[in-house]
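The structures come next, written out as structure tokens.
One chain, chain A, appears in both complexes that follow, with chain B as partner in the first and chain C in the second.
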Partner chain A sequence: MTIAFGFLAGMVLVSALGVVVSRNVVHSALFMSGSFLGVAGFFVMLNAPSLAAFQVLIYVGAVTVVILFGIMFTQRPQVRHYRTIINRQFWAGLCVAAGVGAFLSYVLWIEDWSSAQAGNGPREVAQLGRDMLGVSPGSEIFALLFQVVSVLLLVAIVAAIVVSRRKVGTGVDRGVEE
Partner chain B sequence: MQTVLNLLEAEPIRLLLSFALILFLVLNLAGILTFAERKVAAYIQLRYGPNRVGPRGFLQPAADVVKLFTKENVMPHRADMWIFLGAPIAMFLPAAAVWLVVPFAPRSVVADLNVGVVFFIALTSIGALGLIMAGYGSRSTFSLLGAMRGAAQMISYEVPLILSLLGVIMLSGSLSFQDVVNSQSGGFWHWYFLPQLPMFITFYIAGVAEARRVPFDLPEGESEIVGGFMVEYSGMTWGLIQASEFASMALVSAITATLFLGGWQPPFEFLDLGNFNWLWFAIKTALIIFTFQWIRWSLPRLRMDQLMDFGWKILVPVCLIWLFVTAGAMLLLPSVF
Partner chain C sequence: MPAQAQSVLDALLASPPLQAYLIVGAIMFAIGAWGALVRRNAVVIFMCVELMINGVNLTLVAFADFLPNAGGLGVGYAVLVIAIAAAEIAVGLAIVLAVFRSRRTVNVDEVTSMRG
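Right, the complex of A and B next:
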């Protein structure tokens, strides 16, 4: 268990470092998928396979692929190299990282972990679904949050279509006679 | 003997052994499927196909493997080496790992995850990553074009693939493949392909697209972009890409058989073979693989805009409509389900 934890932690940290240090945007995106996979491995170790599967599905399978897709669509190969990206915002980045690290350490410190146990709590997939839909007692707020996020995504999708749509008369679409 | 068996049953050893066995199975499957592909192609085109190595050409896959191993692995000078070499592995491992949750027989499943269906979807979605890695790493225009097409296609067809699974999940009330198979027991009229016929057809079509087979082989498109994302690969790296393609084709067939055609359940109750029920699973999977090959040698390739139109304007609405029909039927006729 300790060996697996050490391996996963090393994988997450090394990949995360690779994301920041690497000079090629595509390399950064691929390192990021390695980091996400390591986090999925942590979920497996915590006895929450459903979370691990969703982590892989959403972050590795969708987010990274869409990011790579975007990189390849928007940039020419010559511009994919950022030589000075490490130097540009060094201090600001350090402050943000230190702040997040301090906050997480504080939460880790004040929380009482003696009763926590891997695999307990609302991690079973059926229970998780009920909580998401707000049917089980005490979780009604989640239904509202879930719907708000859905509406937000819908707005984003419609906006993307409106932004990327060609105006009538400017440019001929493939196979469409104007 | 018993102590050895107990040792093999202990947890890390059992999982590692099963995974090694699965890898062995998938690699061999790829070899056999290359041979099957060539034979089916030949007979559809009124030829004999490979018939020189061994009786009726049965040893042809072995000869192919020897040839691939002895071939030089050529890499373009300006290629991104680690991405180029990592891509075949990133394509093969997810396709092989999904076999861990496929139930072969009543008690033969390596890991009976309670989220097996989600596991399948999650690992299939990584396949697009390997495709992009191959296309980008080669540093070649044809490869990049193929990878872009492949990524667009796999992202788009994942939506109907996932939506078409929901009906089965609603009817069986579980995300575990083992439970889905168990709830289809008792004759072929209990299999889910009858109440879920539109979903079954959608899943089949989206599965063909996810396996990048004709008529959805635009990322490869050998007549327009000469081989797409794998144009720069040679030798065993190319062999691994081929193996992952065949593994994902067999995988989609096996999942289709499991979810919609009853998995290892026999078509009639009196044909129950007990522990040998894996034969039914094998027969169903092989039949679906054969239909894939049949389609490959009968249909022309779609155009890119036709592909997108078909996925988003036909498959997704069909899935959504049938989802509501299923939900309504379950609500109004609770006695049937």
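Right, the complex of A and C next:
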């Protein structure tokens, strides 16, 4: 378990750093999918294999493809200088992020987790399904949350279509021009 | 097998504590925040926001597995978070496409038409 944890932690963190420091945008997107795969491995270790399947389907599959489409429409995949991809707040941003990470890690480390014991996750898919539908005791709120998220997804899809649609007869699709 | 090798093997086979997962999630959140602060490309900023969301998701699922009174419900919340993140990325990329059509750039520090 510790070997798998170390491998997955290295994969997640190195890929996450690769997203930030990679000079090629397409490489950033592929590093991001590697990081999501590592998180899916963590979900398997944490007794949530069905959530790991969701993670692979939605993040590694769908979100990465959508982001690659966005890259394809908006820019040429080429290596750029760090001057042009990083704004002027490089070191200030590094200090802020390192401070946030160190503070969170410190707070989580000094907390007393002695009562925590692994193995409470919904390992069975049927258990997760009952939780999501609000049938099992203690999860009644999910009956509402599930519907709210469904409506939110519908609204977001309609909004994405409306925002990205070209007005009929006005302008050209400039992403295709060059 | 000597006792030292046995203890090393036991340490390698033991399951990691809760803090290990939490700290990986916190560092992942910090890396995503760094990228969202320093990169100029709007698409890369979206990727970094997704990294932050994944760090928080990892924390949620770790709590759901380790805390006895959570009842595993954190996994259900993680599913909801994934759905909301997917909605966010769809709307966000649509906005990026619309901005690119009118401004010919996706660098967030060059889109300054609303600056007072």
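Here is the rule we go by: the second predicted complex is superposed on the first by the 120 of 178 C-alpha atoms of A that agree within 3 Å, B and C clash if a C-alpha of one lies under 4 Å from a C-alpha of the other, contacts with A are read in each partner's own complex, and residues count from 1 in each chain.
Just so we're on the same page, a residue touches a chain if its C-beta (ideal position, glycine included) is under 8 Å from a C-beta of that chain, and two chains touch if they have at least 3 such contacts.
In this text, all values refer to a predicted model and were calculated from it rather than measured experimentally.
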Under the stated touch criterion, which partner chain does A:Ala16 make contact with: chain B (first), chain C (second), both, or neither?
second
Which of the two partners, first being chain B and second being chain C, lies in contact with A:Phe90: first, second, both, or neither?
second
Between chain B and chain C, whom does A:Ala53 touch in the aligned arrangement: first, second, both, or neither?
first
Contact-wise, after the overlay, does A:Met132 reach chain B, chain C, both or neither (first, second, both, neither)?
second
First, second, both or neither for A:Val66, with chain B first and chain C second:
both
In this superposed model, does chain C or chain B come into contact with more residues of chain A?
C
So, does A:Gln147 touch the first partner chain B, the second partner chain C, both, or neither?
neither
Which partner chains sit in contact with A:Leu108 here, chain B, chain C, both or neither? Use first/second/both/neither.
second
Scan A:Leu30 for contacts with chain B and chain C and give back first, second, both or neither.
first
On chain A, what residues does chain B touch that chain C touches as well?
54, 62, 66, 69, 73, 174-175
Contact set on chain C toward chain A in their complex:
11-24, 26-35, 37-41, 43-44, 46-48, 50-51, 54, 57-58, 61-62, 64-68, 70-73, 75-76, 78-80, 82-91, 93-98, 100-101, 104, 106, 109
Residue positions on chain B within touch of chain A in the complex are 80, 83, 113-115, 118-119, 121-126, 128-129, 132-133, 136, 139, 144, 147-148, 151-152, 154-155, 158, 175, 305
Within the complex, which stretch of chain A touches chain C?
1-3, 5, 9, 12-13, 16-17, 19-20, 25, 28-29, 32, 35-36, 39, 42-43, 46-48, 51, 54-55, 58-59, 62-63, 66-67, 69-71, 73-75, 84-87, 89-90, 92-94, 96-98, 100-102, 104-105, 108-109, 113, 115-122, 127-128, 131-132, 138-139, 142, 145-146, 149, 152-153, 155-157, 159-161, 163-164, 166, 171, 173-175
Spell out the residues on chain A that touch chain B in their complex, using ranges where they run on.
24, 26-27, 30, 33, 49-50, 53-54, 56-57, 60-62, 64-66, 68-69, 72-73, 77, 124-125, 174-175
